[in-house]
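Naming follows writing order (A, B and C), and every chain is counted from residue 1.
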Amino acid sequence: MSYLLRKLGIFVFTLWVAATLNFILPRLVPGDPVSVMLAKYQGRLDPSAVDALKIAYGLNDLGSPVSQYFGYLGNLLRGDFGRSISLFPTPVIDVVMRALPYTLGLVGITTILSFLIGSGLGLYSGWRRGKAGADGVVPVALFLNSMPYFWFGLLLLYIFAFQLKWFPLSGALDPFPGDAYSASWWGSLLRHATLPVLTILVTSVGGWLITMRNNVISVASEDYLAFARAKGLSEGRIINRYVLRNALLPSFTAFGMSLGFVVGGSILTEIVFSYPGLGYYLFQSVTNLDYPLMQALFFFIALAVLVANLAVDLLNLILDPRIREGRA
Amino acid sequence: MTAVIPGAIPIPRRAWKNTSLGRFFRNPRSVFGAGLLLIFVLMGLFAPVLTPYSPSSLEFDAFMPFSAAHPLGTTALGQDILAQFLYGARLTLLVGAVAGLLATFLSVAFGLAAAYFGGWVDEAINTLINVFLVLPGLPLIIVAAAFIRGGGVWPVIVVIGFTGWAFGARVLRSQALALRERDFIAAAAVSGEGPLRIIFVEMLPNMAGLIAANFFGAALYAVLSEAGLSFIGVGDVSLVTWGTMLYWAQAKGALLQGAWWWVALPGLSIALLGTSFALLNFAVDEISNPKLGGGRLKMPRRTQAAPIAAPVAGDALLSIKELSVGYLTPTGVVRAVREVSLDVQPGELLGLAGESGCGKSTLAFAATRLLDPPGAVLGGSVRLAQHDLLALSPEELRKVRWKEFSIVFQASMSVLNPVLKIREQVYDAMQAHGVTDKAKLDARARELFDLVGIQMQYLDAYPHQLSGGMKQRVVIAIALALEPKLIVMDEPTTALDVVVQRQILQEINAVRKRLGISIIFITHDLSLLVEMSDRVAIMYAGEVVELAPAHQLYAHPAHPYTQQLMNSFPPMTGPRTRRSGIPGKPPSLSAEIVGCPFFERCTKRMPGVCDVKPLQTFTVAENQTAACFLYDPTVPSEIKDSAIRSSQTPQPEVSREPAHTIN
Amino acid sequence: MPPNSVPNTLEIVNLRKVFGSKAGGVVAVNDVSFSIARGEVLGLVGESGSGKSTIARLIAHLYSPTGGQIHLSGQPVPHKLGGAALRKFRRHVQMIFQDPYASLNPLHPVRYTLSRPLKIHGLAEKNIDAQIGSLLERVGLAPASTYINKRSFELSGGQRQRVGIARALAASPDLILADEPTSALDVSIRLDVMNLMLDLKDQEGLSMLFITHDLAGARYMSDRIAVLYAGTLVEIGPAIEVIDRPQHPYTQLLKSAAPKPDAGLVPEEIAARGEVPDLKTLPPGCPFEPRCPHAMSECKDGLPKMYGLGNGHTARCILHDPAIVAKRSAVGAGS
């Protein structure tokens, strides 16, 4: 179980680093963020919002940076992220909670889907290496993987929403989608999600494909594969129990490691489609200089990625007997 | 015996094609990637030549269509799009290159430091790497960059560089750790080298390929990150990059105005630039990691041997006839097995001995159709019982495998699938051939484990829980599962300690006597083989040079190679006297060999005979044959006698030919 | 040792190495003592995991010992060495590695590999190529000009190992630690490499630790042989005596397991079963007790001492304890 303890330790430690970065970054800025914001809003800010800002940045607090820091961590543990400036006086946590399901639904499900599709194609491409089709997907995958998410999203939006009007231009639901979880509500949700899903899928599937392909090629040269063939096993069994079982393990690890990057990029997709998830609000908070919201959103994105990583580690634990005994 | 293969190209020594640079330029991916990158670099460099306008001047009308003056029209702010696009290449490339370099530098520094110093330094760096890996990069950059507004391109480069190093550091650390365990690092330390020189002269140059691959990966990440940042307006949008072009295009509603190319062009270029980085990354990775490499090679068709009408050669179980096997390399064919004919009788243990590279494993693999490309059977036939093995379709072959013949590999440490229980791996061999009843499977598995001396509880263990000797026993148990008529054992005990080796050999011997199976036993350890085998075949340079019953071979070795090889083992008893090995080394198998392949190293060579006549096999005694002209009745006995006499006097050092390795 | 005689090139006393933490540590080398005289070859025999390579790396200062002393030509070597002192030490102790494919940096030509020890130890002369040339010729790579610009992948296995030997010779050391120098080589070239090492020893008065798992090779090369089992020295003595008349049951087992083509065509049945135990779960007494055909209850009482058998031959087995011998013969007579 030391494996799990270790992973939990890294989880807590990384979360702490994310929180601390959140605390330090604003304090590295020359001048103070409050005056920057005051300048931007040019007196249009509610005086109580100014107070909230000052509290958020400890500008009212005459204590040492250390006591400010512990106060900040305490607030974090209580789930108190202060109040949003641009949506004043909504508490930041409310904005986050409203946005979270959309991001989990869109980015979460699509990322898993993309991993499965990409790994499947990678298995094909690696196993049938040397055939034109299997090798030909490689440059295509590299190209798709190099496209900026938001750019591809823009093109889809232009063609399918603006020109062809097949899909809505923005948002997650129609203004009046009907009762929650009714058929028309689901229809509206899916229609709005189609283009963002397509964007994330197309631009991230290539990476998983390449990863899986390389793993399959590595496994294909292992001695246990030659032995399996010598035993006269059927190809289906070889692929399933020998190639896939072994090639998936490093793929899972790669999945966990790239998650931060992939989720980070996927979140930008929300901006293009004005999809009201964490990424969209992150963009809003950046343009509105809503620092408290920005920080909370970063913290929650990090938390989501970390939880996903922990899940991957657990999966590895189940699938790899060597890890189960603390050998790997 | 040595026929020339049509189309075989001699392998030039140290061919340029075999260098890393040569492979780089022959790899279509790297050529395409480098070409694409070159185009973008030239675009940026020659921007002032290609367009008369400044990218930032606002002197034109907004949204002008295509025209001769403005081939790509103008922006909403009245800038020339072509000028923006060309000049934009400069900063975009700069960000990619510099941020990529910065990230790579950090990766190398952290990766090397962790691997070299080890201990708590490694622990600390590894934790840091893990933290940076899982922290979502882009949101972190957004948040960081939001606090560092304006200030040109450098803050963006620094932020991207500092958030993008972790992935590379992880890869480089593990490679450096592997390098550190290599003996040449220990050897340098023993020579007295200091740590700096070990890191920078011994380790770092060996990581060049990975570092280059890592740089292209980091540059790809940097270009995409810059585009993303610019697009959402973080960073300095007054600069002209492809990312800021997209920002302005989006902000000014380019698509709504129908100026789709204002969006399409910079985005497509980012994707293509990214593709070029990714292709270079992929290609460099492929070149420096031979496992991933390997292009397509055209497999030659096997030259059809004379059709075998009926089961051949009396009552032989396995009959190999004039089998030729080669390895196809980009520079020609390495002929590893040269028209070898060999029979195995039912119940016989045939030993196959020879030095590394003599073709003994290749022969066994080709005969059982387990040879992987680039290995290929070039001619001959193999018959096992009633099957023409080389003519079987894949499905027919699958059915024959394991049922009729099984194989015990050399590298038994790694032939068991690490993630499946032993039980499943014992079962699936039987299940693939029709045994599906659970009770039968279990009973048979227990029987087999009992036969090779392993406790039943290990049926439910994973391979890593077994010692090397136990793993080898499991593999032998699996090989016996369907009671095949023939088992090919390729150095089955070489990796094991002497005591365990002896125990397993005893078990093999007992089992084969009990079940009456035939075994082809391959090893380089001739003394072991003489003890074990019924008959021994000695291979040299792809040919069987001597074949005799084991006791006959030991008492009266006929071929000079066998004689010299026997003399190469220091004795366990008797007085200690100086013995000599066999100087020189086997000839290159990629060239045509005229006459006897052992000629160069032979103490009894007959110039004018052995290096001229085509090699033939002669009968020496009953059941003993040797491919040596000393037994050629047509060679005058004076020549033979003088050759044998001169072998008593020391031979001059023979010329040493350049090394040639097959793998 | 008489006070005026030449001190032993190497003397190790109770050398100990524990890997890992103190609680879950593995004792890889368990209080091993032996010496190597000037011009002597000591063969160190054992199976994988017996600690033979670890001992070489401890003496070469690639690892630092957990306990015990190492004396080089009578001078104690501190457990912690660094900087100039370590460099000076390296001049006297050199190593030849098992796998010549792995022990030469594939990127460096022979000239670089051989020039480094000369330069590091301040031995380089103006014409360093001539120095390297004579080194190459000493190890049988003549003419030197053929080899000096080659990199390891252009050489055959035997040639590579000769370069490895030349590298070890470059600094004119007193002691060479040869860690299975022939086991990665083809049979036909092993003898020539062994002969080369014997010639060099004779010509230069080198002392040598020859590590191997091959009893016949150890017998061919060594003046004396030491046998290791699970980190413990179990037998040491004159080479011919140890191989021809082994006195420890483990050495006897090793001998019976070695191939003997002349002993008939049926493999000899060997007495002991089982495999080398996991170093983490060693029994408290004699480490060989669980596999030993002569095991008795006294074997579990503690690690036996080394019993002298005359002629410098000692074995760590209570079968050589006079009290046990007497008791056994009494039991034998009584039954």
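Basically, a residue touches a chain if its C-beta (ideal position, glycine included) is under 8 Å from a C-beta of that chain, and two chains touch if they have at least 3 such contacts.
Since the structure is predicted, the reported quantities are computational estimates derived from the model, not experimental observations.
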Max Cα-centre separation from chain C goes to chain A
Going by the contact definition above, tell me which chain pair has the most C-beta pairs touching. A-B
Round to the nearest whole Å and give the separation of the Cα centres of chain A and chain C. 56
From the mean C-alpha coordinate of chain B to that of chain C, what's the distance rounded to whole Å? 33
Centre to centre, by mean C-alpha position, how many angstrom separate chain A and chain B? 36
Show the residues in chain B shared as contacts by 2 or more other chains, in ascending order. none
Residues of chain B touching chain A in the complex: 29, 32, 127, 130-131, 133-140, 142-144, 146-148, 167, 170, 220-221, 224, 227-228, 231-234, 246, 250, 255-256, 260, 263-264, 267, 270-275, 277-279, 282, 291-292, 296, 368, 370, 372, 397-403, 406-407, 409, 411, 414-420, 424, 428-429, 432-433, 462, 464-465, 475, 478
Touching chain B in the complex, chain C uses residues 47-48, 57, 60, 62, 86-87, 90-91, 93-95, 97-99, 102-107, 116-117, 120-121, 142, 153-156, 158-159, 164, 167, 170-171, 186-195, 198, 213, 215-217, 219-220, 240, 243-244, 253-270, 272-273, 275-276
Can you tell me which positions in chain A touch chain B when the two form their complex? 10, 13-14, 17-18, 21-22, 25-26, 28-29, 33, 130, 135, 138-139, 142-143, 145-152, 154-155, 157-158, 162, 210, 214, 217-218, 221-224, 226-234, 237, 241-242, 245-246, 249, 256-257, 259-261, 263-265, 267-268, 271, 279, 282-283, 286-287, 289, 294-295, 297-298, 301-302, 305-306, 309, 319-322, 325, 327
Note: in the complex, chain B contacts chain C through residues 14, 182-184, 186-194, 202, 205-206, 355-356, 467, 469-470, 497-503, 505-506, 509, 524-528, 530-532, 550-551, 554, 564-565, 568-573, 576, 578-583, 585, 653, 656, 658-659, 661
